[in-house]
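Here chain A shows up in two complexes: once beside chain B, once beside chain C.
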Partner chain A sequence: MFEGRLGGPGGLVSHRRQQQIRTVSLYLTAFLVSVFVLTPLYMMVVVSFQSPETLFSGGTLTLVPSALSLSNFQTLLAETDTVQYFLNSVLITAGVVVLSTTLSVVSGYGLTRFDFGGKRLVARVVLFSYMVSPIVLAVPLYIIFFNFGLLNSYVAAVLSITAIAAPFSIWLMWQYFQNVPIAYEESAWASGASRWRTVRDVVLPLARPGYISVAIFSFAVAWNDYTMVKVVLSDQSMYPITLGSSLFLDRLFVGWGEQMAVSVLISGPPFLIALFLQNYLLQGFNLGHE
Partner chain B sequence: MATEITLDSLRKEFGDVVAVDDVDATFDAGDFVTLVGPSGCGKTTTLRMIAGLETPTDGRVIFDGEDVTDEIPQRRPISIVFQNTALFPHMTCRENIGYGLKIEGVPKSERNERVEEAAALLQIADQLDKMPGELSGGQRQRVALGAAFVEDPEVLLLDEPMSDLDAKLKEELRVEIQQLHRNLDATMVYVTHDQNEAMTMSDRIALMDTGHIEQYSDPETLFDRPVSEYAATFVGTPTTNVLPYTVEGDRAVRGDDSVPLPADVTDDAVRIGVRPQFLDVGGGPVSVEIDVDVIEPLGVEYVVHATERVDGIEMDVVLDDVSGLAPGDTVRVGAALDDVYLFDTDGNVLAYGLDPESPPEVEQG
Partner chain C sequence: MSTIRERAPLAGHLDSARLFLLAALVPLGLFFTLLWFGPVVYTVVVSFFANPLGEAQFVAVGNYVGILLSETFWLFLQNSVVFAVSTTLLSLVVGLGFALVVDERVAGRDTLRTLMIFPYLLPTVVVVYLWTLLLDQNLGLVNRILAETGLITDPIAFFATVELAMPSIVVASVWKWGSFAFFILLANLQAIPDAYYERAKVHGASPYQQFRDVTFPHLRGAILLILLVRGIWMFNKFDIIWLTTRGGPVNVTTTLPIDIYDRTIRAGAFGEGAALATIMFLLLAVVGVVYFLVLTPEAEVTD
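Showing the complex of A and B:
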């Protein structure tokens, strides 16, 4: 039954050759993907670290700079509210990460550990609401915040972004808790640990990869959000850096160098998170496939 | 101090399914009681109700005269060893074993002392600072036993703790669990589907079938005086042979063979059970002709798998000597009148032994 097959054990192509082909195609794919991803990133970095004088010297864009300069960043700090925007972003993102992660851990635990009517319906509605485009939520949320007098506040920014991030986070945590056997908790209960103590000693440590994935996801949503904050915030001093940097386009003294410099600043935190938490990211993507 | 456990009309329904059907039993303080039965017979559900992990639909769980039916597991004097060894993967073995003591607020130095004592007993002293993931299945099971043991519980519940282990490890742990029981002043309730584990370890066995206790007795009684065909065939390897007979006058007849019946049997048909070990070539008056299919050597004895000639029922015979016997041979095997069980067609026992002189004695569990 194995005759005439190209791959697999006993195929026409030797095992060693199959391995070589696999390695070569893997590196080739990785190389092509890297080119597409890294080219714009390289241009961003290389433009941001050149002074306006050297950037266009010789009539074209200098892509291999002879001298690096921090002048773009100095302009940003001195002439714009970049620092304020950046801190706003950090504040709003932190709020969303904490709120969304807490919400999803509590919901995931509740959905898997307690029996109540309409549980499946709740879970489906949660997932369905994730499929709705964020902009659909924008107007209703605007009206709600308007009625509560919350418009133009950090609270509104955090809540509106959480509304986008939470459904998927809840769904992710719900899936994760389904993979945590309840026997661990039962074992702790039998040892005399109260429900809260069990949550602290057993549930949270076991759910850690899950809620770190959720936190990373919420971070990505909140850090990159533009739509929701644009709708609920009107005071420029509360703008996160995504919104704030878009204001630069209207300023005369802001050129390509400064624009790319602020892009580098925006990319910094996600880059660091991806760098240090990539194991957790991968675990999060693998949920339900163990 | 060991606790007496009483189950009073204990019942558990999951939707339309009755998992445990009005079970009544008393497990004496300090006994090693095994709940044994095939999967789905309600043994684990019964254990979980004793632990407080399931709420009974009806009935009561009583510890030493005190109704604990509505008590949460934390407030019951129990420890559990789970089937899949629920060791916390993020704690070292030392922390795992000491977790219950930590909850109780035992100071760290005393905790360590007791953990090390338990570890020494279970031969896992050098594994204490490893994570559970680094241990073999048998070592993990020992750690789980240690965690249950170190709390000095009044009731120790074990839910199929050895089902994932290989045969040799099972034998070792079987001995260790019994030693543990001797060292521990606790009532032990052990759930298993393995009748061999039940027979070798228990003071008392509760044989379960579809939600009820079929027979609750010590192992010897369960083996020698099964209350039903189900009990007779569940316990013992190879399984008890059961053959249908018709009643003609005071004799039971099948084919050309017949055996005498006790005087008070009025049924039209009966079933006679005989353990493979009690059959012998030639043998006694309860006799049957068989075609030999396969002969399995087990070292000191042989198991002969055979087909009986009248109805084509498969039978097992355990023989000490099979010289002159080969697959394909036809041979007559028989058992003494005293060594068989008489069942009615519903599987209830009518008599132990067929001696017409002695009256049938039936003990109901």
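Showing the complex of A and C:
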């Protein structure tokens, strides 16, 4: 099993040498990947917290600042619609999280507890819908919303983002409910609890880690979304921050300082999730989130 | 004693129980009918018409013939494949390298792991802003480093140079989506029992042989999953390409999703756009069949 040309007694590279190479390459990889991941993040923070005067004081971007300032954030608040865009983001994201989480909890429960043929087909439909390009779905949704007079509304934004967020949520809840034994429900029924009370008092508390994960992933999809809102919204007063901030790139009074400042603001909520709720996230990753 | 009931849950229960559960499946049915089957069927129907939003004219497969005979379609398909394959393979290499590191008991491994979550959670627009600044011709850090080390004399406009636009988007994409491969591989690495490595050492296996004979065989399924699923998702990407290059310069970064957006929302040619969307849908269906046959992912909920 373990013989080979490279190692072993008389191999091309001795064991000790391989061990050394291994240790060096481990630390080298750790270093290189850390630099690759951290440099853009460092630059974002450092640029955002400097006034234009200090930022360009050396003729190029100052990356080791001597003085920090909130002037970029003040410019954003005073001269752009950042606050309005942020409120739109919160509104649309909240809509998607509520709709997608509710749908997946109800569906996950039904799919695991109801016995019917064709579960395999349903599973494949859910998984396949998760692989379809958002833009392929966005175009017909655009036409359909157009026909129903829903184009350019919060409803259109929430529905179209839910369309891409829900398949994974349903998949995750379906898997989750499989591990919630039905025995608990049956003993509740046996002691005379109604079906609805059983769901509320027994099933939902047991499923809590599952729907927290689902809510986080729906949040991430909605907060991230650019494609769907780009297609279904045209009124700038409804733009979420992702779409709204992309307009800044074309404006003269918005420089790199403001652009990095808005990036910091957009990154705030995901950053908090990564810090405090990462275990729920990791669980979802292992079930295959996009 | 309750094994029989567990094997056939609710089979013998009252009709009200079945109604309750049936009601739980209604939202699912509505969701897929209204937001998936409806739009997909509608797309296929529309793809046989010219000017479907105005005075629709039935043109049979005219839209398809037009697309398949155009040179741009094959170029854009090629761009899509190049983008999908290169981002996926690079993510796999970076993710595997870093997963092997974090799987070792190196100092600060939890910090390294948390670090990898950030790029993944940052919205694509933010990733685009960061890399636009990093690769900026006048102020970008990359140009500064290249100039100071003497590798270049004139600063490079990465996203506007024909040869470099695609590689630049690939690097930014790996930065954002590389963590997907990392987390899946890490989970699989951590599931390999230590005893396997100890037995290998007893047999005198070198680090390379341990990787080849113990580690790699356990990662094969995960690697296949990453190649297939990450590949499909990258093939589908619209936002990162649109925000960095709009498909330019001279179409070198135009992929099929960009072309669909250009034809429909920008140019208003919904018939052609729908035909293109249907073609993309069929391409994905082929990969989807491979995915279902090779990895049988649905077994996780039906077995």
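Everything that follows uses one rule, which is that the second predicted complex is superposed on the first by the 245 of 290 C-alpha atoms of A that agree within 3 Å, B and C clash if a C-alpha of one lies under 4 Å from a C-alpha of the other, contacts with A are read in each partner's own complex, and residues count from 1 in each chain.
The criterion applied here is as follows: a residue touches a chain if its C-beta (ideal position, glycine included) is under 8 Å from a C-beta of that chain, and two chains touch if they have at least 3 such contacts.
This one's a predicted model, so the numbers in the text were calculated from it and none came from an experiment.
Participant: Touching A:251, do we find chain B (first), chain C (second), both, or neither?
Facilitator: Neither partner.
Participant: Applying the touch criterion given at the start, work out whether A:131 contacts chain B, chain C, both or neither, answering first, second, both or neither.
Facilitator: second
Participant: Once chain A of both complexes is superposed, is A:191 in touch with chain B (first), chain C (second), both, or neither?
Facilitator: Only chain B; A:191 stays clear of chain C.
Participant: Quick check on the superposed pair: does A:159 touch chain B, chain C, both, or neither? Answer first, second, both or neither.
Facilitator: Only chain C; A:159 stays clear of chain B.
Participant: When the two structures are laid over each other on chain A, which of chain B and chain C touches more residues of chain A?
Facilitator: On the superposition, C touches more of the residues of chain A.
Participant: Contact-wise, after the overlay, does A:200 reach chain B, chain C, both or neither (first, second, both, neither)?
Facilitator: After superposing on A, A:200 lies clear of both chain B and chain C.
Participant: Can A:183 be said to touch chain B (first), chain C (second), both, or neither?
Facilitator: Both chain B and chain C are touched by A:183.
Participant: Residues on chain A in contact with chain B in one complex and with chain C in the other?
Facilitator: Correct list for chain A: 181, 183, 186.
Participant: Mind listing the chain A positions that touch chain B in their complex?
Facilitator: Where chain A meets chain B, its residues are 181, 183-184, 186-194, 197, 201-202, 205-206.
Participant: Flag every residue of chain A that touches chain C in the complex, lowest number first.
Facilitator: Going through chain A, the ones touching chain C are 1-2, 4, 6-9, 11, 13, 15, 18-19, 21-22, 26-27, 29-30, 33-34, 36-41, 43-44, 47, 60-61, 63, 102-103, 106-107, 109-115, 119-120, 123-125, 127-129, 131-137, 139-144, 146, 159-160, 162-163, 166, 170-171, 174-175, 178, 181-183, 186, 195, 220, 223-224, 226-227, 230-231, 242-243, 245-246, 249, 256, 259-260, 262-263, 266-267, 270-271, 273-275, 278, 281-282, 285-286, 288, 290.
Participant: Which positions of chain B touch chain A when the two form their complex?
Facilitator: Listed in rising order, the residues are 51, 53, 72-74, 78-80, 82, 84, 86, 88-90, 99-100, 103-104, 147, 151, 157.
Participant: Would you tell me which residues of chain C are touching chain A in their complex?
Facilitator: Against chain A, the touching part of chain C is residues 2, 5-6, 8-11, 16-18, 20-25, 27-28, 31-32, 35-36, 38-40, 42-43, 46, 52-53, 94, 97-98, 100-101, 104, 106, 112, 114-119, 121-127, 129-134, 139, 141, 144, 175, 180, 183-184, 187, 200, 203-209, 212-213, 225, 229, 232-233, 235-236, 238-239, 242-243, 257, 260-261, 264-265, 270, 273-274, 277, 280-281, 284-285, 287-288, 291-292, 297-298, 300-302.
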